[in-house]
Each structure stands twice: as C-alpha cells, then as structure tokens.
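Paired with chain B in one complex and with chain C in the other, chain A is shared by the two complexes that follow.
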Partner chain A sequence: MLKREKPKERFSYDPKKVLQQLERFGKKVLEEITRGRNPFIDVPTRGLSNVYFDERDRLIKMGDKTSRRYLFHVAHARKFMQTLLISAYIKRLVSEGKHASLREAYYANKHTIPGSKENTFEDQSESDPIIEDLERMFGVLREEMHITADRRGYIYGDVVIKDGEDEFNASKLGMGGWAVPGTVEHIEFPEINVDYVLVVETAAMADRLIEEKYPKKEKALVVATQGQASRGVRRLIHRLHYEEGLPIIVFTDGDPYGWYIYSTIKQGSINLAYLSEKLATPEAKFVGMTMDDIKKYGLENVTEKLKGIPPNKKGGPTGDYKRIIEEMNYPWFQNKEWQRQLKLALEWGVRIEQQALANKSLEFVAKEYLPEKIGNEELLP
Partner chain B sequence: MANSEADKLFKEFKIQSVSEFFRRNAAMLGYTGKLRSLTTLIHEAVTNSLDACEEAGILPYVRVEIEELGTEHYKIIVEDNGPGIPEKFIAHVFGKMLAGTKAHRNIQSRGQQGIGISGAVMFAQITSGKATRIITSTGEEEIIEAWVGIDVDKNEGKIFKKIKHPNPTGWRGTRIEMEVKDVRYIRSKQGVYWYLKLTAIANPHAHIEFIEPDGKLIVFSRSSEELPEPPEEMKPHPKGIITDDIYRMAQRTTRTTVRTFLIGEFSRISDKKIDELVQYITALRLIKEEEEQNVKEQLMKRLVDGEVDKIIASFGKRGKKVLREVRKIMEKPPKKLTWHEAEEIVEAFKYMTFLAPPTHGLRPIGEENIEKGLTGILRPEFVTSVTRPPKVYRGGIPFQVEVGLAFGGELSSGFDLLRYANRVPLLFDAGSCVITSAARNIDWKRYRVDDVDRAPLALLVNVVSVHVPYTSTGKQSVANEEEIYEEIRLAVMDVARRLAKYLGGKHRKLYQVKRRKTLEKYVPEVSRALSILTGLPEGEIKKMLVTIIEKKFESIDEAVEAESDA
Partner chain C sequence: MLKREKPKERFSYDPKKVLQQLERFGKKVLEEITRGRNPFIDVPTRGLSNVYFDERDRLIKMGDKTSRRYLFHVAHARKFMQTLLISAYIKRLVSEGKHASLREAYYANKHTIPGSKENTFEDQSESDPIIEDLERMFGVLREEMHITADRRGYIYGDVVIKDGEDEFNASKLGMGGWAVPGTVEHIEFPEINVDYVLVVETAAMADRLIEEKYPKKEKALVVATQGQASRGVRRLIHRLHYEEGLPIIVFTDGDPYGWYIYSTIKQGSINLAYLSEKLATPEAKFVGMTMDDIKKYGLENVTEKLKGIPPNKKGGPTGDYKRIIEEMNYPWFQNKEWQRQLKLALEWGVRIEQQALANKSLEFVAKEYLPEKIGNEELLP
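Right after this comes the complex of A and B.
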C-alpha cells in the first residue's frame, strides 16, 4: 500500500534570501562601475543547447553555459537596463511583502525614457523573459520573488492548509476544493490525513472522483491540473512529495498529450529546466490511461483514432504519431514498460481518454479501476 | 540630243555660297528644335566672349539676358568685358562664315572653326528678318554701334547702319543683341539656364549673370581669380595625320625641302626619323613589287618587327637603287610632293614608332579649378577631382580626361552627369556619348552609393583634345573611342573611391554618435535601479557611468583617426 514517507526537504521559503541575492547582484555590478569598467551580467543561456537530462537525478537540468551582457554594448544595453529595472522592482516587492503578476510587473516598469521616444518596455514579451533570466541567474522561483504565475488547478482532500492567516481543510470547501494560487511558496500544511496524491489531468475526472468520495475512501489528495500543470501546481506537487513525503500518482488520458503532462511533472520541462529541482518530481508514478487498460478492461469500443499520418504512410509521421515517436526517444521513457505502451499506441493507432472509463459505469473509475491498479501497484515508472 | 539634255539640266545650276549652304543646313550648326536652337545661340555668343577674354588676359564677366517679345519670339542680349572688336573686323566676325581667327590651326578651342557667331547672326536673320545689333569698344575713344546682317549669296557681312558714340568712361567689351523667332525658353536640363550653370562650373574664373524672360536674375559668381593659360598651337603628330593633310600642308609651306617641311611642321619628327622614314618607304615599295604572296607576307611580318635594314639588304642592288630614289623625295621642294608620295609617307608612319605627341597644347580645367567650380555653383558637402595625364587615341591624337565629383550638401537627389568637351557643356545626345556609357558602367554600389539615380551626386567629365571625336556635326556627344572610354572609366573610379572613403568615414562617425547616444540613453535608468539595489546615491553612480562612456569613446576616436591616417 502507498503510504506517506519521511520528508526529504524542509519548508524553505525565506524572503530574506531573495533580498540578499538581489543585493549581492547589485553590488557586483556596482563594483565593476567603481573600477571604471564596463559592467556586465552573466545570464545562463536559454534554449535546448543549454539543457541536458541528468541521469542520476532523473531531471531535465540547465547546463552552465552563460552569456555575458554588457551595459555599454549597443546590442546588450537595453536588456541590461531592463534587468536592473526589474531587479529593483522585485527588491521593493519582496521587502514590502507584496505580490505582482507578470502583467503588473510589466506595467509597473513601463515608462518613456526621458529625452527619447523609447519605452523601457514596449511589450510584456520583453519583461517576461527578463524575469525568467532572473530566476535562472539566482536559481530562485519567480514566485519567491513575489511575481506570481497564472493560477490554474485545484486540490481536494483531507489536508489542512495554512495560507497566511487562514487555516482550512481542503475537503471542507465544497465540491470545488481549493484553487491553487499562483504562488504556493508561503503555503504550509499543518495537518495531513492522506496517504498519497492523485494528480488528475482533467477537471471532469477530478470532479467525478470527488463525487464518488474517492479522496475520503482511498485517503488520497486529488490534484486537478486542468491540462498541462501550471507552475503553482507543479511546485505544490513537488512540495507535497519532498516536504510532506506523499507518494505522487499521475492519472492522465492515454494519449501523447497526457503522457507529456506526466513527463513534465516528473522530469521538468526544457523551458523551465533551470527550475526542475524545484518543480519536478522524478519519483512520480503513472497509473493510466495505458494501452494495456484497453485490453484489460475491454474498452476497445471507446478508443479514438490517433490524429495525423502514421509513420509507415506517405507524408508521415505527423500529429499524434509524431509526438509519440518523439516521446519514445525521451531518455526517461527509455524503459521496457513505457516503450511497450508507446509502441502499442503506434501499432493500434488509438488513444483513450480518462472519461472512456464511464463506459463501464460512472462509479467504475473510483470503485474499481483506480483502487485496483493502485492497490496492486500496477504503475508505470 | 545629249547635249541639249545636259543644257536643260544645268540651266538651273548655281554656285552655292557657304552661307547659303548653312542656311539650308542649319541643323549642322546645332539649330534643331526650338529649345536647342536657343541654347545654341547663347552658346555661340558666350563661347566667343569667354575665348576673347581669355586670349586677351581678362577675367571674363558675361551677362546674358533673354527678353520675351511674343510667342516663340525673343530678344537675346549677351554682353562681355572682353577686348572688343576693332571697327574694320565687325562685318567679318559676325557676317562671314568660315573666317575665324582659329580656322586651320591645330589648337584646342571652344568654338567651331569660324562658323559659330556668324551662324547665330544668320539664324536671327532668317527667323526674324532682323539684323544683329553690335555695340563694341576696344576701350578707346569711341563706342561703335552697328547693325550687322549676312549677304547670303556673297557670304559676306553687311553693315546696315553704324553709329559712333564717344566713350568717356573708357568702356570696353562687346554687346550683341539678336532678335530671334521659332525658339522657346524653358528652364530644363537642356535649356539656357542649365547650360550657363554648367559653363560656370567649368569656368570658375568667369562671372556669369543671367536674366530670365520673367526678369529673374541669376548670378554664377566667380570662384577663381586665375585665368586659364591660353591654348598653344600644336604641330600635328605623324600618327594622327591623313594623306590630304600632308599634301595640302606641303602646298602651303614656305620650307624648301620635304625633309625640312616634315621636321618643321610636324611634332616628333627629327632628322634621324626622316632617314628611318626613307627606309620604311623603300622597304614598302620593295615588298609591293614582290609577286609571290608567301614571301610578301613574310616580308610584311619582318617589317612590322622593325627589320627594315635587313629587308632592303635582302633585295641587293635593287634595294640600294630604290633607296636612292626615295632619298631624292626628301630633298625636293615640298610643292613637288605628289599625292602618291604623300600616301606613301602616311603609310610608312603607321609602321614607325614615335614619341607620344606633345601635350602642352591641351588645356584641362585642372583639379583645383574643377573643385572650385563645383563648390562655388553646387555647394556640395564633399568634392573631389582628378585630372588624368594626357594620352593618345587613334595612335596619335592627344587627349586628356578630367573628372570632378560633388556629393551631398545643397545637391538635390539624382545623378547629374555634367558632360564637357574642351570645357563646353554637352547638353544633348547624352545617350550616344562615351562619357555617359563610361560613367554609367561603374558599379556605384561598390563605392557605397547604393542607388546612384537617387544619390545627391554630380559627376563632371571633361574630355580635352585638339580634336574631340564628336559623333555628329551637332558636337553634343563624344564618340566611343576605346582609349577615351578607358580613361574616363579610370578617372571616375578614382573619384568614386575617394567618395567611398569619405562616406565610410562619415558613416563611421554617424554610427559612433548614434552608438554613444544609445549607450548614454539608459544611464539614468540604470543608475536609479542600481541605487535601489545597493543604496548608493543615484548621482554618484551616474557620474561614474558617464566617465566610463567618455573613456570608451576617447579611445575609439583615436583608433578611427589612426585608421584614416593610414
């Protein structure tokens, strides 16, 4: 049986650390200036070229390539200025204990530069990457810098959440549960009465499980990601696993998108590779949907065809086929079970949704499918 | 029967005078089209004025006025401060065709050989029926006012009326007033305005004023106080001569032998060259006698290689005999030189080598004056010029090319090609002119001029020669002689390179200014942010940043200067 384990990380949110980092950064730049030198910032390089899969930690990680950004360089000057502007803004936010969204951060720092027709930021697409740069430079989440991410996803289950002054039980907030905020750094869990976390791709399925009282019966905390998991949800999953010792089980559709959601929760993503150590949970396991489920539960009639052209046909592979082949090449899917599942999908040319289980009956997923598979630990790595 | 036919036919036969011929063929003198005819009239008068002033050592002051009298009916007034015309020459100068002071002289000149101003007087006469009014004085007691026309049948000047005025102020100069019809004034690139502007550019020592029909006064001020040296007569070079030249010159000469005639009246011919000439003529005669085609060809080849001695020797006695005959030609009086002998001389010249022709007779505008002219009239931001050393075309006709380039400043966008031959602006027939093709065939992009047709660029090209090869009698376009084409091309590339260098430096400087602005722009923002991050006062950070920028550009400026010096 799945049981809560010993925590591996401790609640570590401390705004002072962020402030220290910002000050250290400012001093470094100032030092160059006082020496009469062209000040620079070293920013870790973005993109695939600076990302690798760490086999030991089983995480997508960022390499140590950096690019140097000089103030007195025509091509760098603007970004240098923007980086400092945002840094100063963050210092104020954190020291005042306020939070701002990405968009607020953009508007707060946008103004016309005196003596020119130029704005400090012309578009939010200029300020967002600067914030990402700072995350990478400091190894700090933007949530820790009080810049909040989109809120998406919710949780339901018998845990007590402490959010600032408020404390509440996430199974006593009605059927909707507790919506995960953009920033979860300051959230604490004074009381936890569940054995594991069930991460569910679709809200419809999460709602179904809540209605069937699955969380209560199985002592599970249901986390609905509502598609690709937001940074808040990923961070929450990470914390529930490492700080609270809860096993993580992921339940998605049996299609390339669902498997990709799982992959992101587990290994991190290329975009946020520099944050994998804070966002990813390599110990997460996958319960379904799998191709084997189709045979085992007799769901042949409720599958859907994969989209796109198969690899053996002219013009292929495209669409779903292409995605599956890409996923087969991911280092973390290099194991017998996953290769078999993905191969079957290609062979059969089908996908299956979580809701297809309703074909059996509405209660089937909560009463038979999940308890059986999880109980028997029929989980994919 | 045949006789009476011929009689009938020749009943109408008349001897046509030169003036009559040109009256019927006014186009040959440049009188085609209403626009061009007017420009030609002005050109003839202005050219006369400039030439006269220069020959007399006077800095020219020329005033041109066009008055509109009716539809396509104008009065043209050209006045100068030249030496004036002595009373007895007035009829000749203005009334007789082919009677100038420069005809038959091998000399670089602006005008045509004595047709110019008399052609203009004729044009006025045949379009308006009016005589040309001349007011002139050599600066002495009297001013002469005369009405001159042309007796076409006799090719003679006719003075209809002459009044003498006292000259208390000592005025000196010439004023011409012509009334003409069938011409039109338009301020176009082929009109009088443009012509005078171009003339002013090429003659920076001249002060030119112009009053347009609407009363507007335009002044092209003098930008050089230096008079060009008057042209010198040049003896013809043996390579540029034809049989008729030798034959006719021999008839006229006062020398006593063909030898002294050739040495005295041609350039680059010495006593030794005459001996060589004798050998060549001998060899050519001997070769022509040879019947066998093979041998003939071989001998010609050896002749080209310069083995004249050996060829003559190979004919033995016969060779010596012919040599003696040819020697005799050189010692007889030139008047006795036959057409055939003249032909032989010209042919022999072709195989001989001579020193390049003397070029002292060529009168380029000169680099300094081109630049003065372009600067004074066009007010550009950059100007440069090149006067190439003299060269020859067709083996013996000396010529020289000079090119000036003006860029930017008050120049409007668009490539202006200012064509000149012996300082005379060429306004028509640009398409067939070697100057146009040579200047256009440059890849201007290589010289940082991305779009030559939209660049603020004026290119002056002057072809100088005692004999400019015009494509037609209109004398508005220079023929495509390979050597001339090449010289123009080289000169244009030379000035274009200088322009490229200038533009390079200018762009670099602009770029530096722009760069500095870009870098300075963010200093206040960065200082404020850094002040928030570190607690150091904003002003202090700003000061330090400005110092860094200053230091940076100091070293860049030094580097740029070092580079351009190199």
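Right after this comes the complex of A and C.
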C-alpha cells in the first residue's frame, strides 16, 4: 500500500537569498568598474556538451563548464549589458513582491538606448537565454526570481492549500479543481489527507476520476497535466514528494508522447538539466498505459496504429517508431520492465490511450484498473 | 460605468427534458418498426449551405434544411445504427448523472457486431458527427447530454460558485483561480459581487491582473480563456451575461487571432452555428488591443510585423493579411469602428500583444489602460 513517507526536504523558498545573490553580483561588477578593470561574468555553458546523467542521483545534470563574458569585448558587450538590465529588473520584481512573465520581462526591458539607434533587445529570443543564464549562474529557478512560466494544469484532492492569505481545500471546488498557477514557490500545504499523488495526462481522464470520486475513495491527489507537464506542475509534484513525502504515480497514454511526459516528470529534460534537482522527481513511478495492459484487459479492439514508418521498412524509422527507439536509449529506461514495453510497442505497432479503458465501462478505470494496479504495486520504475 | 443589468434568461438546465426528448425519439423508432414501417430520422443539414447570419439577433444561425435518414437503406443503415447506439448511451449517462468525453463516448460504443466482422465505429470521426446530429435534432448542447468538451481556462473574482455540494468564492483561491470544467450547465451563482466580466486571452495577462488586484479594485470577474475560448468558457460567459446580467468585455492581443477569439465569443462559429443561441454573446464588447492603442499609448516600439504577404505584393495576401481581409468581411465587423482597426492593421502591417503594455510598466494595464478605457466606455462593438 502506498503511504505518505517522511519528507526529505523542507519548504525552502526565501526571496532574500535571491536578492543577496543579485546584490553580490551587482557589487562585484561595480567594484571591477571602479577599479578600472574589465568586469566579467562566468556563465555555465549551455547545450548537450555540458549535460550528463548522474547515475547516483538518477538525474540529468549540468556539468561544470563555464564561459567568461566581458563587458569590454566586441562579442560580449551586448549580452553583458542585457544580463545587467535583466538582473536589475529581477531585483525590482523580487523586492516589490511582483511577478512577470517571460514575455513581460522582454517588453519591459526593450527600449532604444538614448543617443543611439540600438535596441536593448530585438526579440524575446534574446531575453529568454539571459534569464536562463541567471538561473544557471545562481542555481535558482526563474520562478524564484519571480519570472513566471506558462501555466497549465489543475489539481483535485483532499489537500489544504495556503496561497497568500487564502486557504482552501482542493476537494471542495466542485468539478473544477484548482488551477495551478505559473509559480508555486510560495504555496504551502497546511493539511494533507491523501496517501499519494496521481499525475494524469489528459483532462478528460482526470475529470473521469473526479466524477467517480476516486480522489476521495483512494485518498489520492489528482494532478491533471493537460499534456506535457508545465514547470509549475512539475515543481508542485517535486515539492509534494520531497517536502510532503507523497509517493508520485504517473498515468499517461500508452504512446511515445505519454512516456515522454513521464520521463520529463521523473528525470527532467535536457533543456532544463541545470534545474533537475528542483523540478524532477526520480522516485516517480508509472502505472500505465502499458503494452501488457492491452492483453491483460482485452483492449486489442481499441488500440491505434503507431504513426510513421517502422525501422525495418524503407525510409524508417520515422514518427512514433523513431520516438520509441530514442526512448529505448534513455538512461532511465535501461531496465527490463521498460525495455519490454517499448519493444512490444515496436513489435505490435500499436498505441493505447487512457480513455480506451472506457471500452470496458466508464467506471472501470476508477474501480478496477487503477486500484488493482496501484494496490498490487504493478508499477514501472 | 458598467453595471450589472437585469437578467434576460433563467437558469434552465433540466436533465429531464433531454431524457424526454430521447425517449420520444426512441419510442417513435420502435413504433415504426413494430408497425412494419421503415423508421427514419430527420437530421438538420450540416455545413455552410444551412447557415446564415440573423441580422436581428446578430447571431450565426442554422437554417431549416433537413435530410432524412432511413434504417433500411444501404447508404443510411450504418449511421442509423450509430445514432441509436449513441442515443442509448446518452440516455444512460443522463439517467445516471454521469458525464463522458467525446473520446470516451467513442471508445465505449466501439465494438464488433456479433456474428460479423463489422465494427460499430471505426474512428472517433464517426461518433463525433452523430453527437452533433443529436444536438441539431434536439436543439440541446452536447453538455446537456452529458458529453463533456475539452476544458481550458480559469476564473478569478468575487463570485460565489455552487457546483454540486461545494460552494466557494472564486476570489479566495490564491493566485490559482478556479479551473473551469468542461460542463458548466449544473453550476449556479448564489452570490455575485462584480459589475462585469473581463474575458482575457492569455494566462499571463490574467495573472498580471490578479497580481495587481484588478478584480477586487474594479469589481470584475476575470475569465482567462488561454487561447481560443473552450466551449465551457463560452457557455459560462453566455450564462453570466444572460442569467446574471453581467456585461461582457473582451481583452485580446491586437492581431487576427485575438480578434477571431472575440468574434467567436460574440457571434459563435460556423461549425457550431446551431448552438449560437446557447454559446454566443452578441452583446459582448471589445476593449483592446486596437491599432489606435499603439499611437495613443506610444507603443510603436513594441509592435510586431504581421506575418505573411500583403495583398499588394506578389503571392499575397497570405498569413495574417489574409485573415484580416477575411475578418473585414464578417457581418458583425461591418461597422466603421472595426473597419478602421482592420484597415489600420493592413496599412501599418503590424500587430500588438496585450503583454506589450508591460513596456510602460507592469501596473500600467491594471491601473491606467483598462480602467480608463472601460470607464470611458472606449469599447468596440
């Protein structure tokens, strides 16, 4: 039986820490300028060359390569100026307790430099990487710097949430549930009456479980990701696991996209490798859909064909086949359970959706499939 | 000043009505069979040929063309069988107070007909149109038949919502807000302490307004559509206007997609013409972004170029230009205010985002732009 465990981390959000880091950084640059030196920043290198899979922690991590960026350097000056502009902006945001989206941060800092025709930023593609650089430099999430991510996803279950002055139970909001905001750093959980978190890919399936009163009957907190999990949702899952000791179970479609959603929640993504320690949850487990489910529950009639060309056909592999082969090479799928599922998918050339379980009956997923698999811990690692 | 008006409609959700319609339909078919006749259904014709713009009601509506579908007819039998299957399924759903997604409805009704190799449905593209046919035949929303639409969007503001046994205030849910479910038929509003509804295209802008305490200060209910408004959100807007008398103001990006979002909320869409009377809100007004805003607020530096080829260039018009020209021909944009904005967009070749207002300051949109424009009723029809 899944039960809440002892927490491994403490609620750690501290805006003062970010302010201190920014101040230290600003002072260092100022000091170098007043001493007549050429100020520089060491920015951790981005890209695959500086990313590795840490076998011990089971996380995608950032390496220790850095590159130096000087103020007085033809190739660096623009980025240096941009880094200072955004740093100053973030200092204002955090001091004032305000948040801005990536796009607002871009618009707010775009202007023409007086006495020139030069714009500080031409495009959001110039400001986003600067914010990422600051995340890498300071080892903080951009959410901690009050830059919010796109929001998507909602939760439902017997958990009391404290967000600012408001406190409410996320199982008393009708069928709607609570919309997860872009930033969840400041959120606290004064009361938790669930045994585990069930992360669900599709809104339709989450709504099915809510209608069947699954969260209440099985003491679960349902988290609907509505596709790929947003940063806010991934951070929420991480916090619920590490700070509240809740086991995390993921339930997606049985297709390469669903397995990728699981993989991102579990291990982080290559783009955000430097943030895995705050966003990923390597202890997450996977309940389904699996290829074995098709046979076990007699769902052959409601599978769909994989898209693309199989590896043994001319022009292949493409589409789903290509994605599956890529996933077979992920370090965290190097175990017999996952290799078996991925091989079966290639062999049978099919995929299976969560909602296909409705073929048995609407209640089947809530009354049999999930309680049985989770109760018996028939979970993939 | 915008104020709540006298309601024009009453809360009208009545599952019994749907059940009666289904029963009457089933009995009619049964009677014809027992009398040895060939049973038929008259289904309102779909497509543009049976759609018109009602100038008086200012709504896209369905015409009165129908086509007859027989049970004993080589070309009709399959669809006839499917219509009966789905009707029976919906009767079960409504009787049991359960809801199913379109996809669940497909999976639940897909099976191989005993003694044959024939599947009842091969694909969801077979079951969706049957459900639409039933909507047309009975003049009810599929939500009233307990078939839920995809959900997207959330709301925030001083409104008490009653959803089943739960009752809560949608301004006491932290920064998150209440996630709007796929079906809002059963929702009631025991208490409304706002003067109007502000419908906002992007989550980032809605979050900005929440952070600036706009809903409280301006007594507004903020509805975030997160792109094109979902059916649930459109129905919610309709109900808040007609049943609760709240004026509806729409705030989107100043680009053809934003204007299309407005247009769909206001007038309905061609696909769903037969549902305009329940989904659309022709009295909705538009606050921005407009082309005039660019000059008035000095936003020239934060516009973006329209995508595509202009009409006077070789190969044009394409992309944004083409969309704008199409929108100029919409019956509901046949007024000088909208023609002016659309012409200016073509002339200047630019678009402007909601979030570009952050260039003035983060607070600008909440403290000046919206209160000024809405206070002075500088709204487009």
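Rule of thumb we're sticking to: the second predicted complex is superposed on the first by the 381 of 381 C-alpha atoms of A that agree within 3 Å, B and C clash if a C-alpha of one lies under 4 Å from a C-alpha of the other, contacts with A are read in each partner's own complex, and residues count from 1 in each chain.
Please note the rule applied: contacts are C-beta pairs under 8 Å (C-beta built on N, C-alpha and C of every residue); 3 or more make two chains touch, one makes a residue touch a chain.
The model shown is predicted, which means the values in this text are computed figures rather than measured ones.
> After aligning the two structures on chain A, examine chain B and chain C and state clash or fit.
fit
> Check the residue A:173 against both partner chains and state whether it touches chain B (first), chain C (second), both, or neither.
Once the two structures are laid over each other on A, A:173 reaches chain C alone.
> Once both structures are overlaid, what angle do chain B and chain C make about chain A, taking C-alpha centres and a multiple of 10 degrees?
90
> Of the partners chain B and chain C, which touch A:203 in the superposed model: first, second, both, neither?
Second partner only, chain C.
> In the superposed arrangement, does A:84 touch chain B (first), chain C (second), both or neither?
Only chain B is touched by A:84; chain C is not.
> For A:344, select first, second, both or neither according to whether it touches chain B, chain C, the two together, or no partner.
neither
> After superposing on the shared chain, does chain C or chain B touch more chain A residues?
C
> Using the touch definition from the top, say if A:309 reaches chain B (first), chain C (second), both or neither.
neither
> May I ask you to decide whether A:192 touches chain B, chain C, both, or neither, giving the answer as first, second, both or neither?
A:192 sits against neither chain B nor chain C.
> Return first, second, both or neither, reflecting whether A:160 touches chain B, chain C, both chains, or no partner chain.
neither
> On the A-aligned overlay, A:25 touches which partner chain: chain B = first, chain C = second, or both, or neither?
So A:25 only meets chain B here.
> By how many Å are the closest C-alpha atoms of chain B and chain C apart after the superposition?
16
> Would you please give the residues of chain A that touch chain B in one complex and also touch chain C in the other complex?
Looking at chain A, the two contact sets are disjoint.
> Across the complex, what residues on chain C touch chain A?
It is residues 98-101, 103-105, 107-108, 110-112, 119, 148, 150-152, 154, 161-164, 166, 168, 172-183, 187, 203-204, 207-208, 211, 226, 301-302, 353, 355-359, 361-362 of chain C that touch chain A.
> Would you tell me which residues of chain A are touching chain B in their complex?
22-23, 25-27, 29-30, 33-34, 36-38, 71-72, 74, 77-78, 80-81, 84-85, 87-88, 91-92, 113-116, 118, 120
> Which residues, counting only chain B, touch chain A once they are in their complex?
Going through chain B, the ones touching chain A are 515, 518-519, 521-522, 524-526, 528-530, 532-534, 536, 541, 544-545, 547-549, 551-552.
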